[in-house]
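Naming follows writing order (A, B, C, D, E and F), and every chain is counted from residue 1.
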Amino acid sequence: MSEIKKFLYVNRKAPYGTVYALESLEVVLIGAAFDQDVSLAFIDDGVFQLAKGQKTTDIGMKNFSPTYSALGDYEVKKIYVEKESLEERGLTPDNLLHLTYEDEDEDYAEKDSIQFVSRAELSDIMDQQDVVPSF
Amino acid sequence: MAMLHTVNKSPFERNSFDSCLSHAKAGSSILLFEDGIYAVVKGSSASGKIQKASGVSIYALGPDLKARGIGEDQIIGGVTVVDYGGFVDLVTRHDSVQSWL
Amino acid sequence: MKLAVMVNEGPYQHQSADSAYQFIKAAIDKGHEITRVFFYHDGVNNGTRYGIPPQDDRNITQQWSELSKKHGLDLVVCVAAAQRRGILDADEARRHGKSGDNIADGFRISGLGQLIEAGIQSDRLVVFGD
Amino acid sequence: MSEIKKFLYVNRKAPYGTVYALESLEVVLIGAAFDQDVSLAFIDDGVFQLAKGQKTTDIGMKNFSPTYSALGDYEVKKIYVEKESLEERGLTPDNLLHLTYEDEDEDYAEKDSIQFVSRAELSDIMDQQDVVPSF
Amino acid sequence: MAMLHTVNKSPFERNSFDSCLSHAKAGSSILLFEDGIYAVVKGSSASGKIQKASGVSIYALGPDLKARGIGEDQIIGGVTVVDYGGFVDLVTRHDSVQSWL
Amino acid sequence: MKLAVMVNEGPYQHQSADSAYQFIKAAIDKGHEITRVFFYHDGVNNGTRYGIPPQDDRNITQQWSELSKKHGLDLVVCVAAAQRRGILDADEARRHGKSGDNIADGFRISGLGQLIEAGIQSDRLVVFGD
């Protein structure tokens, strides 16, 4: 059976305050080996997961934000960030990590993984999924 | 496609319900359970929001209403009360399920 | 229909485990197949056999064990999440030099791939969490 | 040392969805043996803890709401319910349990334990406390 | 008396921050830590509420700001950033502590 | 000054245990006395010695045990909450016929009265939770 399913990982929670962001990322990395159609959505406080400049030494926890930059190497290329969620939280795209992947169809040109989408666009994306693990 | 959204958090404590409402497309359904059922209490600040959601079917889990002492006379119109079997039917009748945790 | 379930919270602290259990019982009653119950995050704490809830309350872990025995439910505890939180089977305990194990009957420890696989092979995935 | 401290137990969470309401009540019952000045505040979703008519059979959990009615016997007599929190949630005092205690100074007359207070009054009450366990 | 209020939850996810603000009396202080620090981000829908709270001193825990990548240039004026030692000092300098969980 | 601390959540799932630990270390550095750390609700899960977190992450239980050893911290796990969730010392395990115990060094199991007592005998009570 070689059915390809559409998996959307929905991230709605901030990092560090709870473990969901970190353990969700662990699922995405394992899931990347399964050759499914994978997307990630960052909405609500989930957008904080992608903030750049995270430095966790003083709280004694592991900084796992560099792992987001490795998603491209795992062939995770569709990362949706909701514009309205960013704006409500006083953030702009400049506050976020710059995530890229190499497009093998275009001579491995580096391309942006993050797409900034409106709430309405994200609703459409959600509606097309088969499996929606949430954390 | 038609999606089933589930919300298990109080609409007064968390933003899950608001966020779910603003993402649910017409033709989809929302099942409220656990502390999520408080959203359908008549006269509450949350129930007004539901009545504005057009084209979305609203369900509430009866066992959770009963546990919390919320009588069916206390809930707004247009809400279908289901039991766990009805929860299962909602899952199988929709194409996919998204939990707003 | 084939249904997979994920449980993200431990027993008692949140209702998630109770809701998942009631949902699964109802699904089985309706003739559906539960392909797997995957316990993630604090959900792994459902799998401890050390719990001793008050006698006038439900014993969530025991409910899972009995449901598994009766219907052959596949109860999978995520190994990475379980190690963080101190849920061990005899193999894990031996390998890590711990003096004992605490996993309950009917539960098994395995990797996150089991969650993805359940998502692929089932018609629906339903998540219970906080 | 016979210092009397003012303990205020603040309840802000609904019952059953999480264990905090139940385990908070267990603290209050144990604490009643210590002869301190004890008050309970129910604000935000905490007001749902006192809803009457709770029947938990169908969710398979224990109905602990009858225990609130026993608080009077434990000499817990000051139970504050915030009016604004009730109103926002579509509840009225009639939806709540009727909690009483026997006033030993007035020939054991039955008196109401619940006092409905405004947010401003509750802020004043909070401000006078020594120990505020929250759950 | 002067009370220290602490809020460790995101103001966008929970009602703890709103509830704390509406109960904190003039002369008291609020310490934001863990996900609570997001309330002081400039330009956010939460930070406007803080600026309206008069007579209440606002503190934010630096280690939690840094962990989350929120630079001190991103936060609103009038907020004092403290470290864990400062958190301890706030606890001892006030008469009592209330955690808004 | 005498400070008492209550921790309401388990390790890793929420930051509460980490924050409480950092707060207590800072308080000790400033010369304050920590009269007691009381673990309630899922907070009791801080006291399991079965945890095996990844090597590049902190081991919260071990941090507590070491802090207790160094400064004589009184780490009290609520017995009722611990029984519900499967945290046992040798006595509890024997009494309830469990095959082993999992409590970590420096922790002791006791009643809720220890929380009230700490509230009475300390100048401040600080609560860390969800």
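As a convention for this text, a contact is a pair of C-beta atoms (placed from the backbone, for glycine too) under 8 Å apart; a residue touches a chain by one contact, two chains touch by 3 or more.
Note that the structure is predicted; figures quoted are calculated from it, not measured.
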Output for shared partners of chain B and chain E reads A, D
Note the shortest touch-path length, in steps, from chain C to chain D.
1
By count of C-beta pairs in contact, what is the leading chain pair?
C-F
Taking each chain's centre as the mean of its CA atoms, the one lying farthest from the centre of chain E is chain C
Using each chain's Cα centroid, which is most distant from the centroid of chain A?
D
Approximate Å spacing (C-alpha centroids) for the pair chain B, chain D
28
Approximate Å spacing (C-alpha centroids) for the pair chain C, chain E:
38
Going by the contact rule already set, what residues in chain D reach two or more other chains?
16-20, 44, 59, 61, 131-132, 134-135
Flagged in chain C as touching 2+ other chains are 8, 12-13, 15, 19, 22, 41, 80, 125, 127, 129
Provide the list of chain E residues touching at least two other chains, using ranges where the numbers run on.
8-9, 12-13, 15, 34-35, 63, 83, 96-97, 99, 101
Which chains touch, pair by pair?
A-B, A-C, A-E, A-F, B-C, B-D, B-E, C-D, C-F, D-E, D-F, E-F
Which residues of chain B touch chain E in the complex?
12-15
Give the list of chain A residues in touch with chain F in this complex.
16-19, 59-62
Within their complex, chain F touches chain E through residues 1, 3, 8, 15-16, 19, 22-23, 25-27, 29-30, 32, 123-130
Could you please specify the touching residues of chain C with respect to chain A in the complex?
6, 8, 40-41, 80-81, 111-113, 115-117, 119-120, 125, 127, 129
Name, in rising order, each residue of chain B that touches chain D in their complex.
8-10, 12-13, 34-35, 38, 41-45, 47, 62-64, 66-71, 74, 83
